[in-house]
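You will see two complexes here that share subunit A, one where it goes with subunit B and one where it goes with subunit C.
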Partner chain A sequence: MNELAISYDTSIPNNVGLSDDRRLLKALQKWHPNYLSWWQSMGPEGFQDSMVYLRTAVGVDPKGWAKFDYVRMPDYRWGILLAPRDENRTIPFGNHLGEPVWQDIPGEYRSMLRRLVVIQGDTEPASVEQQRFLGATAPSLYDLRNLFQVNVEEARHLWAMVYLLQKYFGRDGREESEDLLVRRSGDEDKPRMLGAFNESTPDWLSFFMFTYFTDRDGKMQLESLAQSGFDPLARTTRFMLTEEAHHMFVGESGVSRVIQRTCEAMNAAGISDPNDIENIRALGVVDLPTLQKKANLHYALSLDLFGSEISTNAANAFSAGIKGRYHETKIDDDHRLLDSTYPVLKMVDGKPTLVDEPALTAINMRLRDDYTADADKGLGRWNKVIKKLGVEFSFTLPNVAFHRAIGEFANIQASPAGTIIDEATWVANYDKWLPSSDDNLFITSLMKPCHEVGQYANWIAAPKVPINSQPGDFEFVRIAA
Partner chain B sequence: MSEFIRQHLIDPEICIRCYTCEETCPIDAITHNDDNVVVDASICNYCMDCISPCPTGSIDHWRVVRTAWSLEEQYEWDDLPEQEEFAEDSASELAEAFDDAANALIAEAHSGAGGRTPAPISAAQASVNLFGRSSPGIGTVQGNYRVTEAESESDVRHIIIGLGQTSFPVLEGQTVGVAPPGVKADGKANDIRLYSISSSRDGEKRNGNNISLTVKRETQGLCSNYLCDLVAGDQVELVGPFGNTFLMPNDPNANILMICTGTGSAPFRGFTERRRRAMPGANGEFVLYFGARTPGELPYAKQLGKLPATLLTQNLVYSREENQAQEYVQDRIQQHESFIQKMLMDENTHVFICGVKGMEKGVDEALTEICEHNSVDWQSQKASMRDAGRFHVETY
Partner chain C sequence: MQIDFQTEPAKYNHWKLDFDGHHANLWMDVNPSKGLYDGYELKLNSYDLGVDIELYDAIMRLRFEHPEIKVVVLRSGKDKVFCAGANIRMLAGSTHGHKVNFCKFTNETRNTMEESGELSGQYFITLVEGACAGGGYELALATDHIILADDGSSSVALPEVPLLAVLPGTGGLTRVTDKRKVRRDRADIFCSVEEGVKGQRAAVWRLVDESVAKSKIEETLQQRIENLSDCSDRPNDAEGISLDPLQREFSEQGVHYSNVVVELDRVGATATITINAAGLIVPETTTQLKDMGDQFWLLSVARELDDALLHLRLNETELGLILFKTNGDLSNVCALDAFLQSNQDHWLAREILLYWARVLKRIDQTSRTLVTLIEPESCFTGSLAEICFASDRIYMCEGLFEGSKGEAAISLSPCNFGRYPNANGISRLVSRFWGESDLVDQAEQHIGTLIDADLAEELGLITAAFDDIDWQEEIRLVIEERRSFSPDALTGMEANLRCVGPETMESKIFGRLTAWQNWIFQRPNAVGKEGALRRYGSGIKASFDTHRV
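After this line comes the complex of A and B, so read on.
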């Protein structure tokens, strides 16, 4: 079988030889209608019949996986696509370092793996649910198309996880697969599993910030799973990462275009003070301090997704060879972490202090640090846009102790600079550091759809290069198809 | 080679540093530091593998330079440098640098053969790179005809372009480049697209100094819509010709096996015209396997219907014809097992495959199976045919 090409001989496009595995095919075909009804009821609201210029993978090799054409979203070919198999791959870390990777799940790691796959799987449909009403206020057809691309690919990532559940976890896997379609983002009775995925995504600024900060957590998790000794998981997540890069792009370029538009409007109006909020808002653009507050919020929510700084679960998954570190194979150490330490920021005598902890139990902390470094670089690029347009302002990431609900700093309050403060100070400054209800009302007031071909809402700049080198006045979505 | 280099660069202003290109590059030509992701001009071979996985549009940038920008210089950039202006007298060398990219595209289209493929030994010598982008050949449209049924979904055009007094020598199987007028979103001229010539070397009309192209209208396809909308009298800029391996054997004893789908038939139309005009009564087999969804979508169906069986053996297969089982070219090839096996073992046989990427896989599997039944290893047989210039693939 040619693993680079995708087979269309079943109703589910795949490169995993589905037609030769009747049991699995049957299970997935049983799940498929439930999935489609989930998509119809919880997917993008109001655009299910529109023709969207989407990319679909027709192969997992570089040339094949980005085929652009108009598709109705319910007709998108969701499939099961794994990165090509490396016959000589060995487990790159943990107690099984150097052993050949597993093609099946070792019994002793079954429940640990199941949990990881279910948690990852749960986030995928959750974000589709969170974003389902955004289409109605899209600032352009280009952005609308990007939203839908993100949505169909997150939904494909659900397929990727369901494939693993159905193929390797028997009856438990089938039940988990069904449950993934039952939980709902923000639902009181049956919420999604992780906090940030139950928050609402009420406006496009939140969407851009979510794809920048929260999808970046997803990227880090996928990077760690792509190191896994369980090869089907590694190959699945490896291919998902290629798609995830587009989601990062939507977030980074989205915020960047908002910044660019704001600075351009300030310059045109002769406003040099970025804190002249009232006059800047009167121009119909988002002032930079409000953007900083949005970044504060989404960064803090996303840090919580990394869990406790010190975690035996994470240590066990590492030792077992199930979940590695970001860029594991590029790290120069013993890849077992039996004796090494890692500096962890903890509360010591009421102050955030770096403490050396066993590196094995500090796996989450390390991944979170890698995340912060990755996220911070994007802020640097946003700051270049501001500087280029001559405005005196720069974005900074808040301290990791700021506005946290999980881990070392869950029970204290800290300023964005990292100073520990009392509750009264926190309450007094809340609206200065996080979006206030006034800020949110203002943002909401900007959210008017701009669905004319080649036009962009006043608060966001046109992209420098649209998708697939298409011209700026390309009709990225044919809404009434 | 010219003294110019067409250097592949990544726009640091758009790039989000996801490193997908770096992961994708098969020869490690892409690297990064804390600031930028950059391409090493001394390694990059224009394979283009990195282009489509890039989520941002930052990857597809090019500058013609005399001296390549070093990695260190690229690391310092906040945005891309402007294209340097060169003096008039370097125009032809400059054009050649652009042609390197066109040739890289062709190399990619030919990669399905699995390795470097020389031209058939008997093929005529092809001229390449005569007209570059800065000095294109100017053609005038003489006709534009639809060659699929009017009611079918597939709008394929036969476009005849006269070259007046311009000498633009071509061989069957070569391609020309067309740049649709206008500029991209970044203000730079549109990229060229390559099209196979579907006429024979002495013209669509003999000695008419014209060529024909076979173009399918693609939804929102910039260049295909431009070409399909041309009317007689319109001027069109041509660059090239390109390609010096996918060429017709100039030998009446050669068996020529042509396998195609859709507009992949273009070079074979040229082959057929050449055979009809120059080699009447040729001994070699001349066989076409041609697939389309329906008869109405098969380009040149009417014209094919008029060709005598003594000239061309036609196998037209349809995958979506009502009341008929789905059939692909590879299915028909398998039905003809003994004939195909005999052909593959004959040293006079040349195989040409042209059409959409993915077709070659089905054909390859069919040939593998046929060979297996006869205890022949197709992969090694293919390699030896390829090395002898007798196995050619052009897919896109």
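After this line comes the complex of A and C, so read on.
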């Protein structure tokens, strides 16, 4: 079959020949109603009947895979889409370097793969759950639509993982698929698997920061899985990455628009000092220092998602050819890492110090470094906006030792600059470095819905980039009465 | 480095105890930087011998210092992890001998926990929140009730085979099937999956007793504490005794305790343990017993002998033979036994009897040649006579010896007939006379009578008797012959011959499971340069010799 085209001959759009795979079709059809009921109960609250201008994948070729139209979200055509298969692809790293990629799972790696797929799968519905109340306070129909686009695509990523579980992991896989619908973000009894996915996303600033910082962790994880020697996983994640890019765009442009609006409002009011917080807030916009604090928080939480700097699991997954590094094929080394080292920031005699560790066990550290470099680029673009508008302020990423709960720095306190400090200093400066309850109250006070066509809340600028050539005053969501 | 088995709560690095009426919480909160040796960090509540030494101490204190405690809740002081099991880097870096001794001591502690509920009315509940793997789950298996948090991530696992190419060898396999009655194919699956089993399946498969939603855990725990408290016969209002630090003096020649002396003969590769009964005072009432506290003679001897055995096992590995001697008034020891026997329902008397039973098992499980020498000054009777029957050989002086006041004699008391079962669940005399129950009956008829060498030989209670002329030479030959044999062959031979009779879960763990484990621990697939244990953590896959042996 043509893998670039999506087949609609079953209720589940796909390019994996689902109609010929009766066993899988049966399993997915059994899962489908449970999925829909999850979406109804845990998806965006209050907008299930609205018509949303969404893109839906119609093919997986890079040129024109998306089709835009109004759709009720529960009718969205979630499906199973894999990037096209490369017949000559070989395993790009680990013990099996150079061998043809696997189309089926080698028995010895089954549990390891299942664990990775389940953890990845668990994050997808989690973010939908975290964001389900945001619609009520959307600053515009444009943003509302972006939120829902992110939501339906995260949900499609759940489908992608469920496809792998049901196709390749037998009964265990089917059970895990069901469990993905049972766990709930922040639930005391059935929480999601990773810490950051049990935090709430209470406001739109958090949403933008989350999509910028936390979805970028997702991107790095997907990039590593896209290298996998297990080809169906690599192809699945490669297609997910094309969607993930949009989510990070929502985050980066969202924050950028908030910054732009703040600077414009400061200029109009003749305020030049970005730390004149009281007067800036009086303008109904978010002061830049508070944005920095939000960035500090979300960056630190996201770093924790990379796990311990030194990790046996990550080393095993690499050696096995299951999970590679960011841009693995572009790295100039032997791709086996049996003898090489990688510098890891560790606490040595009370000081963060770079220590050479076996590169294999430092896979997480390397991915986190790549993440930091990637995340830093957006800050540069934000700083350009500030500079262009003539305000003296720039965003910086805090040190990796700041506010950490996992890894080398879990048991110490450090300032954003990376100085190790005692508990008293930490407590005294907490509100300076992280959003205080006053900051959060202020942000909450701004969160009033702005659901009129072409209108934007006072604290955020209109977008520059249209969606599918539709300008900012397009009716992106037709809210059901 | 000398390993010390003595500690006390104020010195704990890894455990915390708190008390709430009739229940205690025993928190496992391992300090990663306080490993016994350098070169590894005790991450994720993983443990080494140092952690286990503290656990053993805590358990003994719960028994003796807290008669009011009926239920102990074992739980983790760390978020998201219960216990990751024995520290792998520690295992990979240890000598074979250390690994074996470590596992043995660990399992002996678990046996102590298992007896605690059954025999002492102090029950253990494990609350598993987070990952509970390998030795962590084996620890949970030693408790009376396991509650698993059903939170989608907490799990129990025995990942040794897939992860490390060794066994869940400190009782894991045996307790899963024999104690928890997990069906063997399910056990097979369970032991093959690295990440283990979570949620309801863990309960359905009987790997845990119940799998409970997080919001219901405290309520459930309270309920189980109440239920088990109701089953306990420990006193409500008794006051405990305090286990004070042992009076010990280490020297080149050995260790001097208050009632026990260990003399080391490095040339002869022999350690002589002499138990001295000169300071033995028999209390008249249980109040007096309580007032004597840890100075009560048999309790003091039990603690000192326990410490001496562990010291010899870990720190004096080249002394292949242990000679047991006693010194004191036989009738006094008899009176002491009689006192304990008649007050066996008193909580402290019961604890002392149970502790002595455990120390005797420690002797059984010590991989040295054990020889008891019964001399004219000896006082091997009742509780002490069990040491004879734990030994591989028993030699007795026959007739008058130069300089001695009388002839050597032993005596039996009711406690030689079931009070102190060995790991096989039978008395050492039944084990000695396996298949000859008439000999057991015959011995029983001699309870309370002084048995001299002739009679002892006739009753089969000793290996041989030698007179004044032959004694020294015969004993020298026994020792020298023994020293010429392979220590490994002796360990295997003695362990086989000591375990006569039926199997119990306990004897299976020591006799079968650890034997397999110790074989696997020697094999290249585990400990070779490319073996799984060596390569663990490096991310490099182990390479196996695929021939089945």
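To be clear about the criterion, the second predicted complex is superposed on the first by the 478 of 481 C-alpha atoms of A that agree within 3 Å, B and C clash if a C-alpha of one lies under 4 Å from a C-alpha of the other, contacts with A are read in each partner's own complex, and residues count from 1 in each chain.
Rule of thumb we're sticking to: contacts are C-beta pairs under 8 Å (C-beta built on N, C-alpha and C of every residue); 3 or more make two chains touch, one makes a residue touch a chain.
Source: prediction; values computed, not measured.
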A:S253 touches, of subunit B and subunit C: first, second, both or neither? first
Which of subunit B and subunit C A:S111 touches, first, second, both or neither: second
Contacts of A:W159 with subunit B and subunit C, given as first, second, both or neither: neither
If touched residues of subunit A are counted for subunit B and for subunit C, the larger one: B
Subunit B versus subunit C as contact partner of A:Q470, first or second or both or neither: first
Touching partner for A:A66 - first (subunit B), second (subunit C), both, neither: first
Subunit B versus subunit C as contact partner of A:Y342, first or second or both or neither: neither
Shared subunit A surface residues [contacts with subunit B and with subunit C]: none
Subunit B-facing residues of subunit A, complex: 2, 5, 53, 58-59, 62-66, 69-70, 241-242, 245-246, 248-249, 252-253, 377-378, 381, 384, 388, 463-472, 474-475
Subunit A residues within the subunit C interface of the complex: 95, 111-112, 115, 179, 182-183, 188-193, 312, 314-316, 318-320, 337-338, 358, 360-361, 363
Contact footprint of subunit A on subunit B as seen in their complex: 11, 13-14, 16-18, 20, 24, 34, 48-53, 55-58, 60, 78, 108, 184-186, 191, 219-220, 222, 357-358, 361
Residue ranges of subunit C touching subunit A (in the complex, touch as defined): 150-153, 162, 193-195, 213-216, 536-541
